[in-house]
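Reviewing the structure listed below.
Chain naming follows the written order as A, B, C and D, and within any one chain the residues start at number 1.
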Amino acid sequence: MRRFTFIHRGHGGPEELSIEVDDSLQRCVLSRGGRSEPASIARLPDGRVSLLLEDGRQICGRVRVLCGGDLEVVTGSSRRKIALADPLRDRIAHAAQSESGSPAEEEIRALMPGRVIEIAVKRGQRVGAGELVLVLEAMKMQNEIRASRGGTVAEIRVEAGRAVEGGAIMVVLRADEEPS
Amino acid sequence: MRLLVANRGEIAVRIFRACRDLGIETVAVFSDADRQSPHVTMADHAVRLGPAPSRESYLSIPALLDAARRTGARLVHPGYGFLAENAGFARACAEAGLVFVGPSPEAIEAMGSKTGSRRMMEKAGVPVVPGTVEPARSAAELKEFARRAGYPILLKASAGGGGKGMRQVDSEKDLDAAFTRVCAEAQAAFGDPSVYAEKRIERPRHIEVQVVGHPREGVLAVGERECSIQRRHQKVLEECPSPAIDDALRGRLCDAAVAAARAVGYTSCGTVEFLVAPDHSFYFLEMNTRLQVEHPVTEEVWGVDLAAAMIRIALNEPLPADLSRLRPRGHAIECRIYAEDASRGFAPSPGRIASLRLPEGPGIRNDVGVEAGSVVPIDYDPMLGKLIAHGADRAAALKRLARALSDYEISGVDTTLPLFRALCADEEFVRGNFDVQWLDRRLSGGLLGAEAPRASEIWLAATAMAQAEAPLAPASAGGSASLWRGAARREALRD
Amino acid sequence: MRLLVANRGEIAVRIFRACRDLGIETVAVFSDADRQSPHVTMADHAVRLGPAPSRESYLSIPALLDAARRTGARLVHPGYGFLAENAGFARACAEAGLVFVGPSPEAIEAMGSKTGSRRMMEKAGVPVVPGTVEPARSAAELKEFARRAGYPILLKASAGGGGKGMRQVDSEKDLDAAFTRVCAEAQAAFGDPSVYAEKRIERPRHIEVQVVGHPREGVLAVGERECSIQRRHQKVLEECPSPAIDDALRGRLCDAAVAAARAVGYTSCGTVEFLVAPDHSFYFLEMNTRLQVEHPVTEEVWGVDLAAAMIRIALNEPLPADLSRLRPRGHAIECRIYAEDASRGFAPSPGRIASLRLPEGPGIRNDVGVEAGSVVPIDYDPMLGKLIAHGADRAAALKRLARALSDYEISGVDTTLPLFRALCADEEFVRGNFDVQWLDRRLSGGLLGAEAPRASEIWLAATAMAQAEAPLAPASAGGSASLWRGAARREALRD
Amino acid sequence: MRRFTFIHRGHGGPEELSIEVDDSLQRCVLSRGGRSEPASIARLPDGRVSLLLEDGRQICGRVRVLCGGDLEVVTGSSRRKIALADPLRDRIAHAAQSESGSPAEEEIRALMPGRVIEIAVKRGQRVGAGELVLVLEAMKMQNEIRASRGGTVAEIRVEAGRAVEGGAIMVVLRADEEPS
């Protein structure tokens, strides 16, 4: 069994939850607010996950990593953005925010281990907010990573076709000067 | 309220959809072969029954009752196959305080015996095929019957069904040997050597009538279905209405079906099967005391939801619309899509479905129990699902069916799709000119001739090979002219 | 015979399906943004028009005519939008020897002018909203009209449509300023400053009648559609029939629609739009001289194929069934699924569709123009497709719609699916109690309130994260208990 | 441009055809029986290929490698096995057959470049005809490679997770003695 702890930032502030997974990746124990519940996991052929809880409840959906680092959870009847991260990445994300409302540099990190499929920018290139920076394949999905604000590409630390660790800095953007 | 479907595949999916339309929560059961199946991943609750073999899973009454108890299910729907016509299961459900979605155990039992049901039908004035009624004790008894009714006759195992344990006898000299053989086969296959004889009806159609029985509202017929397109006595394609039935004959068939259902106090959806001779005489064959595989063609033409009606009846609720006011509209055709290899005598073709693209659009309904990536297990019936096409008349339905079949992509396993594509191009079939042996004759006549690959298919293969082997273009650092180009390149890189 | 669809997306797919049902070969055209789109990859022929911008592709009449010439297309279908109501295109097709699938250029032109069509309708005895008819030359002229008709009135750009260039004036003191502003807006948006005034009908419904005109068989009405569910004057959900129309009113609306179509010698499928006041008075709004987005709800309820009928009429063939004998059955509802972000004021949400799972089963029809992996371009209307649910009555259709919406998975782009899920849970909508401004009021009242994630969704996220980060189990050298286990492991390994 | 030559073995015997592809993998020239035709290629997001010929004809379908080495071409309206190979592999396949109707060893080769996803057998293990030997990911598909006859695993030359070249021998099976 291996234990993972996550921080979920919902409307009520950050909350810790954990999940223990056995080596087969098929059995787990979910713990939240002092209560634990065993469950079985099935990864479906198209990438969705099905969770079967001890009381028979079945939950099925698809999870993708969004460029902001949030997770997109899509079930048949909903599509929701969930702020869930492991404690380290949660600290990185929220420390950066609290230090400066508008930092001079934007570090684009891989929020999950994955593989860089394409780098759409060059060093020194000017990119606008929302422009494609790179494509990261993670969790069976191609995630288009876009610049959240305009800026100039200061560093590219990855190569197309190479794997990246979760949390690794991939690209550094230097923010535009505020015009006013 | 929760309903457990004691089944798998497309019929479990179909019944779950009806539950969702009725606001009822769903409980799936699964064997180890089905943990990833759509009927499980669409359900609100799911319970493992046991290992893949049916006996240890979908046929295990204790495991099913335990699953219902654990999830608090109040209703149990048997689907078709497995325990659907098992009176013992219906009784066990009732004893466990569960509502069995189907007719009474007595009705199941009464229709379960070929000879018993036959006697009952004769009493109710429903025409039956001339036959010995009672199991024959000797070949001599059969000879006497055959002299009266005339050859050819059919010997049938009393406990048989679906074409198993059946043999045609064309003249008296063959009768002794045939009797001995069918008795032995019946003993081996069904554990019961009883055999009876029937007059063989020449070139009949297999026509069945949908009935709906309600405890207070009585029994109604909802039109007929044409089920003559069979391969070795197994239906492969069904239609509503039949292209061979006129209003007068339809009325007589429906009256007979209602009389048959009334005779057993039938209170659910069910089907009364008939053989119809070219001279429009018809004969009761059997009654299926369950939701039929081919129920969707009736639903499309009559605008009724039979799966939902069946659940409402089980809950003793009134039926949603006045069924007697329903009128048919247009024509519907269903194809049963099996994972079978037509080039090897329709042998099951288990394996992983590598890709699946369903047809969509006007007049097309998909009742399917698998998805891309699903493994078709060797343990169960290899039906993947059903394609139903509906149009303003038979010609329109056939054209929509052909269109849907040319939009249907399954790779990884062999399927019966080529059979249906060939049927849509067959003149006799398109004219509606067939009987129950027609398809077997056409198949041995080369309906599915091996076609040479088309140039377009060879070019696709060559292009894919060349793309896969070409030196990969280096991942561009920007400069891609458009998102479209970038996307195309990324995709090409994946190989 | 070949038919070219001068369009893209779901309507091109819809028309190609009709062609296949009619045995007509298909020709797709595409811009550089659409080489991989379903309408191209399903077609027998395809021709590139030009770069992504509409002006250089789907609006380029020379490129379209050239594509038809190169592929030997005989028919050209404009779909809706783009050149669908452009009389010049219809004329250019005729001059190039092509059959334009639609009404005559004269009928398109007659209905294209708001004031011109209004005059024509008054002459034909079709009620119109009290208004100035002619473009107003001054605010004074409008004041005189308003004194007669009563406030509030609406100022409208003569060249406008779909809610653009429209402003309500509640009292005389606001009129001067409003007139100046609408004239300026009209000049900016349409290059034509003409403005006219209409009495504002309070809480009206938007009801439209489907008409089918045939050169020899005349004009027929095929029932009405309820189109009051609009967001800022744009339809988002349509029904057939309207829950607010009784047989008497339906008859009067259909008679008026037939009179309107006859007045312009209409010989194709078309739609006459009306405003219906709570007192059942109604007023001609405009006529859409094309196949309407929401035509499928009529097809489902009336059992007719409007897209095929339109092509048959263009070929001067008789209509397949006697349309006048058609009778409606049940109820159908269509949802327009747009790539729009409801939480950002329904802003377009272009991008790559990461996954797409369509609902299936009884009563569900998908008319969709994209597939998993498709890129939704920024260059065109962001409609992905339409979901159509059909049931025995409005309640049944709504339940099936809700079921289908809870089976509909789109990831990668934002869509309007949450809006439809909220509507299915809204009491007033379910009661059928709404008017054309109802949805805008409900949206500002918080119809789409942000819901907190459910525990089940958080657990799915955590499980997926844990699985993705767990040390990968070494690829086993045999010994996997079953194919199912092996499959699960392989899939897990892919991440 | 790069040129590929293939041998197609249809009912009429082997036939050579060739295809020239440009570096973008989007334009090509198809040549067969002395006639050439330019075409454009689009790889669709779900792995299908769309070919657009000069005269406007559009052809779309999916191509998979079957375990026997044949290609499976699936279009909306057909599913066909096509014997198409490059001249080298065609020679290997047909030379082996002509040397011996039932060779003592079966070499399981990668018919396409790909990645081994799973090896389902061990050295020395007995496998029956049709039993899964390994799973090879190639052309976006997971191809289950099965033994064509019963035998014993003599050699395993690849590792799970590793890439293999087209034509490489992956596993060698020693055939069972004929029972009669």
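The definition used in the following text is that contacts are C-beta pairs under 8 Å (C-beta built on N, C-alpha and C of every residue); 3 or more make two chains touch, one makes a residue touch a chain.
This structure is a prediction, so every number in the text was calculated from the model and none was measured.
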| item | value |
| --- | --- |
| Of B-D and A-B, whichever chain pair has more C-beta contact pairs | B-D |
| Most widely separated chain from subunit C, with each centre as the mean of CA atoms | D |
| Subunit B and subunit C, separation of their C-alpha mean positions in angstrom | 38 |
| Length of the line joining the C-alpha centres of subunit C and subunit D, rounded to whole Å | 46 |
| Sites on subunit C at which at least two other chains make contact | 35-36, 42, 352, 373, 406-407, 483, 487-489, 491 |
| Per-residue multi-chain contacts in subunit A, two or more chains | 42, 44-46, 57, 60, 76, 142 |
| Interfacial residue positions of subunit B with respect to subunit A in the complex | 27-28, 35-36, 40-47, 67, 70-71, 352, 371-374, 474-478, 480, 483, 486, 489-490, 493 |
| Residue ranges of subunit D in contact with subunit B within the complex | 2, 4, 6, 8, 10-11, 17, 19, 21, 23-26, 28, 30, 32, 39, 41-47, 49, 51, 57, 59-64, 71-80, 82, 84, 86, 112-113, 138-142, 144, 166 |
| Complex contact set, residues of subunit B against subunit C | 13-14, 17-18, 20-23, 32-33, 35-36, 42, 52, 296, 299, 303-305, 307, 320-321, 329-330, 352, 358, 360-368, 373, 375, 391-393, 396, 399-400, 402-403, 406-407, 482-484, 487-488, 491 |
| Residues of subunit A defined as touching subunit B within the complex | 40, 42, 44-46, 48, 50, 52, 55-58, 60, 76, 116-122, 125, 132, 135, 142, 156, 160-161 |
| For the subunit C and subunit A complex, residues of the former touching the latter | 351-352, 354-355, 357, 405-412, 414-415, 417-418, 421, 451-471, 473, 485, 487-489, 491-492, 494-495 |
